[in-house]
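Heads up, the next two complexes both have subunit A, just with different partners, subunit B and then subunit C.
Right, the complex of A and B next:
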């Protein structure tokens, strides 16, 4: 009697135990790198940001309180970097959004060869960013750049111009390289959104007599709004990440005009070896990212289309 | 009506042409420059087609001595120089392939197990863990880079392949889990439930039932994780110091950032560096578009 009473319970325990073991085996390999190389360094960055840690100085690391943040607030180059990053986002975010929307609309329409075009649109994403940035640097080269030649041939300029040493053109050239690489993924996302629009909506709009443009506005745009918001947030995040084009094309110049936040941190870290200040910047960037991520998750819960995450 | 349709068709083709140009022209221009000699590259106005196409630059990458001799003969060494790092290019190819392959393999196995657990085994904390991994994807690289560099430096792993591999796994994994999760959630669980009733263990279900269904997504994440790791520059630049661990982007990026270097060689390296990505995308286009897009939006 006793035995039969215990049997199922033990089996249940055994089953629960095996489920836990399975879970651990499955999750540990996937999540360990994330915590060990992602969230642990993040915690370490907090420690760094409150520490005086400068390899160029003879002083040993010591607790510095908010000193690193104070030093940053007084650094005009840091303020400049923040402004430049904002400007860069103002240039690239609308460009990425509009271009990827246009591309997706084109790739969603029916015509001969559209399948090949879809593959083509993915290409820039696969090319190492350093390589595509190099191409843009060569385009705008002072001596033999294609752009100078075209401008002279079109009669827009008389002499060759050193575009990369003038602030605004340099900024736009970096932005161009950034946009070229960062449109394919948003394009795919919007394309997926367009393909998920039920045909009935268009038919209903047709019956109501809507013209092409109002059909776009009433059906496509409404359906895509949440996705567009995600694209917006994603592309503004990527402005915070931008590094490779700056390293290759301008190295932060002219006069620190294209020194975006990531490149500034890189310099603090590896030219000035000031790990404490670099840590403080990362915490500030993290705060900024947090705000954007909050917006991102708000965007996920918006509207009829739900991004399945 | 018919005329109208024709008009929109022409508009579509013009738009398609613009898009194709926008994407192909930079690729063409780099190839064009890589097929010219240094003198031709510096010609004003630039050649739109290589006047005497030759693949010397491609040979020079793998035989720097020949390149130096050639440039001395041409008398160009006075204002141009060949960055020493180009010598490391063959080694960098090996490094890049090793790093990207390990990252891909780890992503495949761990990502599959992880997203299977997150979507198919019911447990408290699945959602928080998933959101945490998404947050991991959205962290700016520079936020990780500073502390990661200090940690790696203090444990003496600087300038090793392992240090690059670890951080690449860290920021490809969230993307992998995201894609696999969306794909898995889009598939009904009926067959898997039936298998469980029949007494299959979780691992048997994963191997025999789930794996065959999610193959397209698996291919897609294999490609994306390989390519993200292959093209990554920022971390590789920070963590590598010598030929022992430098990757292709590091060689090209550091050569390009120096003034007055031989452009032809860099263009040839660039063309070689973008070839694998282009070949992979063209071969696996169906899996890529289906795997990345399918189920992303419902």
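Right, the complex of A and C next:
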């Protein structure tokens, strides 16, 4: 009896095991690049972050424990880069969110030529970041920039100003370059959201006597809330990852004021060749990104539409 | 069926895969940790540094004629493939040079690898991976690191006749081609040229100024006149990005003639000597800031001038003077498309007349030399073709010509460290056509000093501290100095001194971290 009782169970276990193996084999093509190009570099960066590894240094690589993290905490440039990144996010996230909302509302309206406007709104998305950043750099050039020319002609300034060498204008210029390229995608998302709102909701609101702003607040905004949260996630992460405009327009200057964390990482990695510290910054930024995503998704769960994670 | 579904749930499957992944990462991390042992080995010590400095001092002014006898290279016993690492400039010319070499040397092959714009990082990554190119370009900061880490070999160790090339190199440039750690010739010249004091002669004439400035006080005076007459708002510009260290040395050299043993920034033990009132660096900064704050003849936006920026600014007349202008860029500032075409010229560095220069060389990886005699012979053939004298792409020190160096100057106006190249009538004519006055340039060649690269020596952290001549990014001193330009620091002797003390502390910390 015992023997006959175990037999089907063993057969079942064999079947399960072979099915798991089959599944794993089927997943190899998908998992291989994920591990090779996603998890392996990440794991290596994690390993490097605990290693003293500076290619220029006379000291050979060795296990450094939390030394890299400690060095970063004591590095005023790192602290400045964190502050600048926070500042940059504070400027760009609301700008991207509001501009894309405004654009989407405009593009959702029915008027002649709206199709062309839709194409125009998406145009910055198709321009390589380096190219668009170069355009901004030239536009604000202190010798030949069109912006200075316009300001002089309008009588707002008497002589050309080196905008990119003054901290706050420099920060706003790189923020502008970033916003310009990063607005089309959120616009598209919000536009899709607006176009999916059932007309009946607006009709019902009108019957209830809702005015334009009330209709926007009660219908449009409520419907768009989950999408707006996605836009917030996107714009926050893009602020954290912003690199090209900094590299092209200001190179982190003046006086490190626009040195965002990504540019600082680049410098540590490719200019100073300090792989250990670059790894530590990568892990810290990864942690920060994770926290941000977690916070946003927690917020999403409170909404009407829940995303499954 | 239902039972099977329950057993292979998504949760179980994801748990298994996730567990495996975590185990792999943890296992790999632990393996990596143990593989990284044994830890902390300082390659060099303070004592060694002192020895190095002594070596440098001894090599200065040494008779360069090689004691070595002429050696005829034996034929190769097997086919050899040599990899030549280049940065992304003149790639077509490099490939064409390799083609010519290969045509004339059928017993071996030279192939070109473009290490890209991020040259230094890619080169060092190749070293870290244990697969460096056999021969490659090196700027001073790269040369120093590969010599310090013994990644590069001294060509003189294998072929003593290499020292004879020093005779052809301008005296002020020779020291760069000698390894500061060994006193041996490490490689031949790729290109080299002085930073020159460039100016706009039309601006000077219009301002009623008869001659270019004779010293830096006169630079300040002339700039003020040019500004007052409304010819140029900010007459003094500079190459800021990778020319930042050179700028200060040009000003310091304007006031102080370099003599054997002259030190501006550091002593023999690499301790800062600049962080006090009245030091050459203090005075140079003071001179500069006075022009920014008091005279307003230097724009606070000067930090925006990279190489193309300052070239265009000079060529379009938005600046009159540039004290640290790369010599070959005079051609760029005189192109017909620019407003001031034909007006941009140079003079000796005001004051003492001495200037610093930017050299590059061909380095050979130690790994290449360890491959055996055939590789050593092959790579020496290549080095002589690229940076030495050959006839039909074969080494010929006695009767050969600097084939590739001549090609560089004739096609692109790229100058050289070799006197025979610079004084060649054809090359002088080429420079003239490019609107570079060869006589003025050669006069500056006669008054060069290596102090920028030997003050007393570079260190592995020098470029990270001062800014790299191989990279637009990096350098901790530069952004700190920019605080004066943004107004975050006020202009006063006390603030200049504070700035100098801060960067001196930074230097000491970097030195300590390097175990020196």
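The definition used in the following text is that the second predicted complex is superposed on the first by the 268 of 309 C-alpha atoms of A that agree within 3 Å, B and C clash if a C-alpha of one lies under 4 Å from a C-alpha of the other, contacts with A are read in each partner's own complex, and residues count from 1 in each chain.
Just so we're on the same page, a contact is a pair of C-beta atoms (placed from the backbone, for glycine too) under 8 Å apart; a residue touches a chain by one contact, two chains touch by 3 or more.
Given the structure is predicted, the values throughout are model-derived calculations rather than measurements.
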Exercise. So if we stack both complexes on subunit A, do subunit B and subunit C clash, or do they fit?
Worked result: clash
For this session: Would you check which partner chain A:19 touches, where first means subunit B only, second means subunit C only, and both and neither mean what they say?
Result: both
Exercise. Taking the superposition as given, does A:143 touch the first partner, subunit B, the second, subunit C, both, or neither?
Worked result: both
For this session: For A:171, select first, second, both or neither according to whether it touches subunit B, subunit C, the two together, or no partner.
Result: neither
Exercise. Where does A:285 make contact in the superposed view: on subunit B (first), on subunit C (second), on both, or on neither?
Worked result: first
For this session: Scan A:273 for contacts with subunit B and subunit C and give back first, second, both or neither.
Result: second
Exercise. Looking at the overlay, what does A:56 touch: subunit B (first), subunit C (second), both, or neither?
Worked result: second
Exercise. Counting residues of subunit A in contact, which comes out ahead: subunit B or subunit C?
Worked result: B
For this session: Tell me which partner A:162 touches in the superposition: subunit B (first), subunit C (second), both or neither.
Result: second
Problem set entry | subunit B versus subunit C as contact partner of A:72, first or second or both or neither | neither
For this session: Could you look at A:251 and tell me whether it touches subunit B, subunit C, both or neither (first, second, both, neither)?
Result: both
For this session: Considering only the stretches 238-246, 328-336, 382-390 or 490-498 of subunit C, report the one that runs into subunit B.
Result: 328-336
For this session: Using the superposition on A, tell me which residues of subunit A are in contact with subunit B and, in the other complex, with subunit C.
Result: 19, 23, 27, 31, 39, 143-144, 160, 251, 266, 269-270
Problem set entry | Complex interface listing, subunit A residues touching subunit B | 18-19, 22-23, 25-27, 29-31, 33-34, 36-42, 44-45, 48, 53, 102-103, 106, 109, 111, 113-114, 117-139, 143-146, 149, 152-153, 160, 180, 188-189, 191-193, 195-196, 227, 237, 240-241, 243-244, 247-248, 251, 261-262, 265-266, 269-270, 275, 278-279, 281-282, 285-286, 289, 292-293, 296-297, 305-309
Problem set entry | subunit B residues touching subunit A - in the complex, by the definition given at the top | 9, 12-13, 15-16, 19-20, 22-24, 26-27, 29-30, 33, 41-46, 106, 109-111, 113-118, 121, 123, 129-136, 138-151, 166-167, 169-171, 173-174, 177-178, 181-182, 185-186, 201-203, 227, 230-231, 233-234, 237-238, 248-249, 252-253, 256-257, 263, 266-267, 270, 273-274, 277-278, 280-282, 285, 288-289, 292-298
Exercise. Quick one: in the complex, what on subunit C touches subunit A?
Worked result: 3-4, 7-8, 13, 16-17, 21, 25, 28-29, 32-33, 36-44, 118, 120-121, 124-125, 127-128, 145, 148-149, 233, 241, 299-304, 312-313, 316, 318, 460-461, 463-464, 468, 471-474, 476, 479-480, 482-483, 485-486, 488, 513-516
Seminar exercise, completed: Counting only contacts in the complex, subunit A reaches subunit C at residues 12, 15-16, 19-20, 23-24, 27, 31, 35, 39, 43, 46-47, 50-52, 55-63, 77, 141-144, 159-162, 164-167, 251-257, 259, 263, 266-267, 269-273
